[in-house]
Amino acid sequence: MLEETVLIEFNRQIGKDTWLMGFRSADLASLAKPGQFLMIHLDRNTKDPLLRRPFSIHRIQDRNQLMILYKIVGKGTLLLSSLKEDDPISVVGPLGNGFTISGPHERPLLIAGGMGIAPLFFIAQALNKIQKHTIKMFLGFSTSQEVVLVDQLKGLNIDLSLTTEDGSLGIKGLVTDLLDEYLRQELNKKPVIYACGPTLMLKKVAQKAITSNLRCYVSLEGCMACGLGICQGCAVKAGNSKDKPYYYVCQDGPVFSSEMIDWRAI
Amino acid sequence: MLEETVLIEFNRQIGKDTWLMGFRSADLASLAKPGQFLMIHLDRNTKDPLLRRPFSIHRIQDRNQLMILYKIVGKGTLLLSSLKEDDPISVVGPLGNGFTISGPHERPLLIAGGMGIAPLFFIAQALNKIQKHTIKMFLGFSTSQEVVLVDQLKGLNIDLSLTTEDGSLGIKGLVTDLLDEYLRQELNKKPVIYACGPTLMLKKVAQKAITSNLRCYVSLEGCMACGLGICQGCAVKAGNSKDKPYYYVCQDGPVFSSEMIDWRAI
Amino acid sequence: MVSQPDLSVNIGGLKIKNPVITASGTFGYGNELTPFYDPSLLGAIIVKGLSLKLIPGNPPPRIVETPCGLLNAIGLANIGIEAFIEEKLPSLFKNKTPIITNIYGHAIKEYAEMAKRIESVDRIAAIEINISCPNVEQGGMAFGTDPDTAAMVTDQVVKNTTKPVIVKLTPNVTDISTIARAVESAGAQAISVTNTFLGMSVDVATRQPKLANIIGGLSGPAIKPMALYLVHKVVANVEIPVIGLGGIMDYQDALEFLLVGASAIQVGTANFINPKAAIEIVNDLTDYCLREKISNINEIIGGLKTNGENHEKIGDKKNK
Amino acid sequence: MVSQPDLSVNIGGLKIKNPVITASGTFGYGNELTPFYDPSLLGAIIVKGLSLKLIPGNPPPRIVETPCGLLNAIGLANIGIEAFIEEKLPSLFKNKTPIITNIYGHAIKEYAEMAKRIESVDRIAAIEINISCPNVEQGGMAFGTDPDTAAMVTDQVVKNTTKPVIVKLTPNVTDISTIARAVESAGAQAISVTNTFLGMSVDVATRQPKLANIIGGLSGPAIKPMALYLVHKVVANVEIPVIGLGGIMDYQDALEFLLVGASAIQVGTANFINPKAAIEIVNDLTDYCLREKISNINEIIGGLKTNGENHEKIGDKKNK
C-alpha cells in the first residue's frame, strides 16, 4: 500500500462515456493483485471534488504499466476524462483483498455487467495463465455503443457470450439470463463464479450461486471516503457473522464470497 | 453588459508567472472601453474556486479579439493558466466605467506597476489615436523576469521609462520615484495621470497628484464577488461625498478621479 | 402538444407563478440584472435588506472566498427604506410579479415602523423580516437566537401590516424548530430558512483576519447540506410554508429543497457567479417537470421518500 | 546551521512534541496509516470514538460528498472500549507519543464508567469526550447542546480519572461560549472545537436522502470558516487550551487556527484525501518556522493581528 504521484501515459475514450487510462508505476504494478483497486486523486488546484475516487485495477502490462477503465457518471469521472498525457495524478493502492484465484482444474465463470468488466479483465489475464479449462464469460451492457474490450477478451482465449439489454449487439437480455440458462443446462460442471457489476446484478448472481451451492466471488462497490479502513463509510451488512455486523468493502473486500453478504439488506 | 461563453484562442506565458490570453467576441469587443473589466468564470466542473475573477480588458484587436493579461497569484489564476486553446470560459462584461480619455491637447502620463499595465495598454492604444503630444509612461516591475510588453508599447509611440525594484533592467527603483523626479522638473506641463497598479502605489500617485493639483485617474482593485453592483462587496471609502460613504469599485469605478477616494482609509 | 406544467405555489397567501425567488442582498435593488434577463419572469424578487435610515456598511474587505463558500460582512449597507421607495421602486418592472422587501432593525420598534411605512406602498407585496441581526437593546445577540424575541419582532410587524409576513431565520441556533414555532405562533405567514452561517478567515501572510469586520456570514454551496437539514427540520415543525435557501446553484439543488418540503426557494450567491442563475432554474424546473411528466410543481414539494422510521428523528408534528 | 524550531505545546498538562493531532474517527484505531508514515511522529493520536460496548453503526450509505465537504453518518460504529484496549492498543507504536481515546455514551454513567476503565490503562495519555451524541435519558438532544448537561458529563469523567480531560464541543449551538465555560468550570483541562455540523443531502433521481440515516455530520474544507470562528470565540472565553479543528487540509489551514489562538490542531477528513496529510503538516510547519525565523511555535499561537476594537465582538473575557 503506497501513495504515488504518477504521470498519465494515455487517457482515451474507447466507448460511449467509457475511457481507458494508463500510467506507469513499477511499485504499484508489482504489488497489485486482480480484484484490488486504487484511490485516485485528481490533484488539481481544487477541493471540489473533494474525495479520492476508487477504480479497479483493470490491467497490468509490461510489469509496470497499470490501466483503469472507467465510465463518466459524475463530476469526478468527468474531470478525470479531461486529463491529458503527462498530467500528474496521485494514486493510493493497491487496496482491498483481491480475488482468490481458483485452482487449475476448476471451471471459472466470469460474469460482468458494464464497468464490472474492469476488474474481471485483470482476473481473466491471471486465470488464463494457470487454467486448464476454457474460461467462460458472460458480459453484458445496456447497448451496443457501450460495448468495449470484446476483441481483447477473445485474445485471452475466453469463451465469451455478450448481451445487450436492447439487443443491439449480441444476445438481447441481461447477463443473469445467461446464467439462469447455463445453470439449467450445465450445473453439474460446478463452475466457480467471479462477478462484478451493478449491485442488483450481483445480488441476483450471488443468490443464484447460493441456492445452486456454487462457489461465487463478487466484487462490490460502496461509497468510499478513504479506501484505507479508517472512515468506516463503506459498510456492507454481513450475512453470516455474529460479532461482525458489517464488513468494510475497502478492507474486507471489495471481493466477497457470496454467502458473506446479507443480500436482503441490499 | 452581457454574458457569453467564448472559446480560448490562445493562452501563453509571456513572463514570470505572467500570461496573455485571447478570445474572440464581436459583441464584447464592440462595447468595451479602456479601463473596463471582465468577470471570468472557469466554468469547469467544479465549485472551487467559486467566484468569477475580475480581469481588465488588456487589448482589443481586429475589432473582435479581446485579450487579458494576468499574473498567477492564487488558485483561480493558476487554473486559468491551465486552460488550452478551444477550452470554453464564461465572460461577463464589459463592466465598470472605464477611463475618461483626455482631449487631444493634453499630456497624458501613464503610470503602471506590475499587472497595472493590463488596462493601461488599452488606454495607450486609445490615446495613441487621438493624442497630439507624445504619451509618457512609467512602467515598473519588481525584477527583469517580470518585464513584459516593452516592445509592443514602444510600437505605440510611447516615451517609456522602465524601472525594476532590483535594478535588473531599466532604472533601479519604483515608478513613484520617477514620478517624484518628473514632477520636480516638469510640473508646469500639467500632465494628466492615468495610473494602475498595487493599491499602495496608487495611493502615492494619487496623493502626489492631489498636492500637485493635477488631474489623475486611478484604476482600483477590490475584492469582488459579482462585479455587477449587487453584492456591495467591493466598497472603497469615498473621499469627498457626504451621502455616499462608500463607492463600489465595480460600478462607480474601477477608475476614480484621485480626489474621490479617502486615501487615509487605504 | 404537451401542456406547460403549473409551477405556481402559494406562500402564505402570496401566490407566485413559480417557486424561484431572489435572496435578499444578492439581487441589488431589483433591476441590476435586467441586462441579462427580465426579472419579472421570476416568482418574486426580494430586494437588498432595508433599514429605517441609510447604513454605510462595514469597511473593506467585506468579502472573501472560502472553499465552495463566500464569507461576507457587508454590514447590511443600504440606502434606507425611504430612498428605496422613492428612488428605486418606481423604476422597477411594472407587472404583477411580487416585490418583497427584506427589513431589519436594531430595535423592535424599528421593525414596526418599517412595517407601517411599507403598508402604504402598494407595489410591495410582502415583507421578509431578517432577524439575524444584533439586538442592540439586549446585549447584541441576534433577535433570531431567542424564541421570545423572535416572536416579539414578528408580532410587531404582523400588527402593522396586512401584507404577508415572512420571517427569515438564522441557522446559528441550537434548535431552529423552537424559533420556527415561536414565529409561527406570532403570526408569520411563511418562514425563510436560512440566513448565513457565522464564519471567519485569516490571511496567514499578514496574520490578519481577511474581513475588516473579522466575522462574516457564510453562504454558497458549502452550506447547502446544513441549510437543507434546517429546512427539513423546520418543515416538520410548522404548518406554514417554508422557503428554502442556502447554496442553491442550479435546478437540481432547488429540487433537493422542494423535495424536503420547501414551498419555494431563493437563489442567493449563485446570482454572483451566474447572473442568469435564477432564470435558468425557472427554465430548468419547467423542463424537468415536462421530462418527468409532472403537471404541477406541488407534486414534488415534500416528496422525499424515506422509510418513515428515520424521518421521525427530525420532526414530530407533521406527517407527510 | 539553523536550529530546529521548537514545535512543542502544552495541552492542559499534556505536553506534545508538535501541535498536530489526528481527529477521532478519521485515523482508525491508530495504525492503519503506518504503511504511509510512522504515526508516532505526530504530536498525538486520537483514535476512533469508543463506547462501552461494540456499536455496529448505521446501515449504508454512510457517507456522501457535498461541495468541499463530507457528510457522514457512521453511527459511531466501534468495537467497544474493551476490545480496543485488549486487541488494538498492544499493537500500537510503543514510544511516548500520546494516545488519546475519544469516548462517548448515551447516558452520563457510561462516560463515568469508561473514564474509570481508561484510568487503569497506562498507555492512554488523555481522554477526549465527545458530547455531540444524543442523550437518550433526556429526549435525545445532544449532551453538548446544554451547558448543564455538558458540565455534568465533564464532571463525571474528571472525577474518575487523573488523566487530562479534553471536551470536544458540538458546533450546533446558539452560543458555544456558554458551553465552553461550563465544561471549563466542570474541570476540563482542554477543549476541542469543533465536531461536525448537522446536514443532509438528497438524491434527486431517487428522491431519497443520500444517507440511510437521513441526517449526517458535515466535515472538510466547507466548514473551515465556521470552525475557525468558533475556535476564535471559545479561545476568547476560556483560560484552558483549545484544540482547533474543522476542514484543516494543509499547514496554512493549521496556521489559521493557531493564529486565532488554538494551542494545537487536529487533522480529520484530510487523512482520507491525503493519507500523509498530518505528517506533511508537521513537516511544513517546521519549514514555515524556519523560513519565518520562528524558534518556538508558541510565538504564533494567538498571534492574530486585529485592531482591537472589532476583536471585542467575539469575546469579552480574555485580552491577548
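Read from first to last, the chains carry the letters A, B, C and D; within each, the first residue is number 1.
What we mean here is this: a contact is a pair of C-beta atoms (placed from the backbone, for glycine too) under 8 Å apart; a residue touches a chain by one contact, two chains touch by 3 or more.
Note that the structure is a prediction, hence the values are computed from the model and not measured.
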If a chain touches chain A and chain C alike, it appears here: B, D
Reference chain C; chain at largest CA-centroid distance: A
Pair exhibiting more inter-chain C-beta contacts, B-C or B-D: B-C
Centroid spacing, where centroids are CA-atom means, of chain B and chain C in whole angstrom: 37
Cα-centroid distance, chain C relative to chain D, in whole angstrom: 33
Rounded Å distance between chain A and chain B, as computed from the means of their C-alpha atoms: 54
Chain centre separation in whole Å, for chain D relative to chain B (CA means): 46
Multi-chain contact sites of chain C, meaning residues that touch two or more partners: 67-69, 220-221
Per-residue overlap in chain A, given as positions that touch at least 2 other chains: 47-49
Overall pattern in which the protein chains touch one another (line/ring/star/complete/other): complete
Contacting residues of chain C [partner chain A, same complex]: 67-68, 221
Chain B-touching residues of chain A, taken from the complex the two chains share: 44-49, 75, 78-79, 82
Sites on chain B touched by chain D in the complex: 47-48
Chain A to chain D touching residues, read off their complex: 1-3, 41, 47-52, 90, 92, 222-226, 228-237, 243, 245-246, 265
Touching residues on chain D, where the partner in the complex is chain C: 66-69, 71, 141, 145, 172-175, 197-202, 204, 206-209, 212-216, 218, 220-226, 228-229, 232, 247, 252, 255-256, 259-260, 303-306, 310-311, 313-314
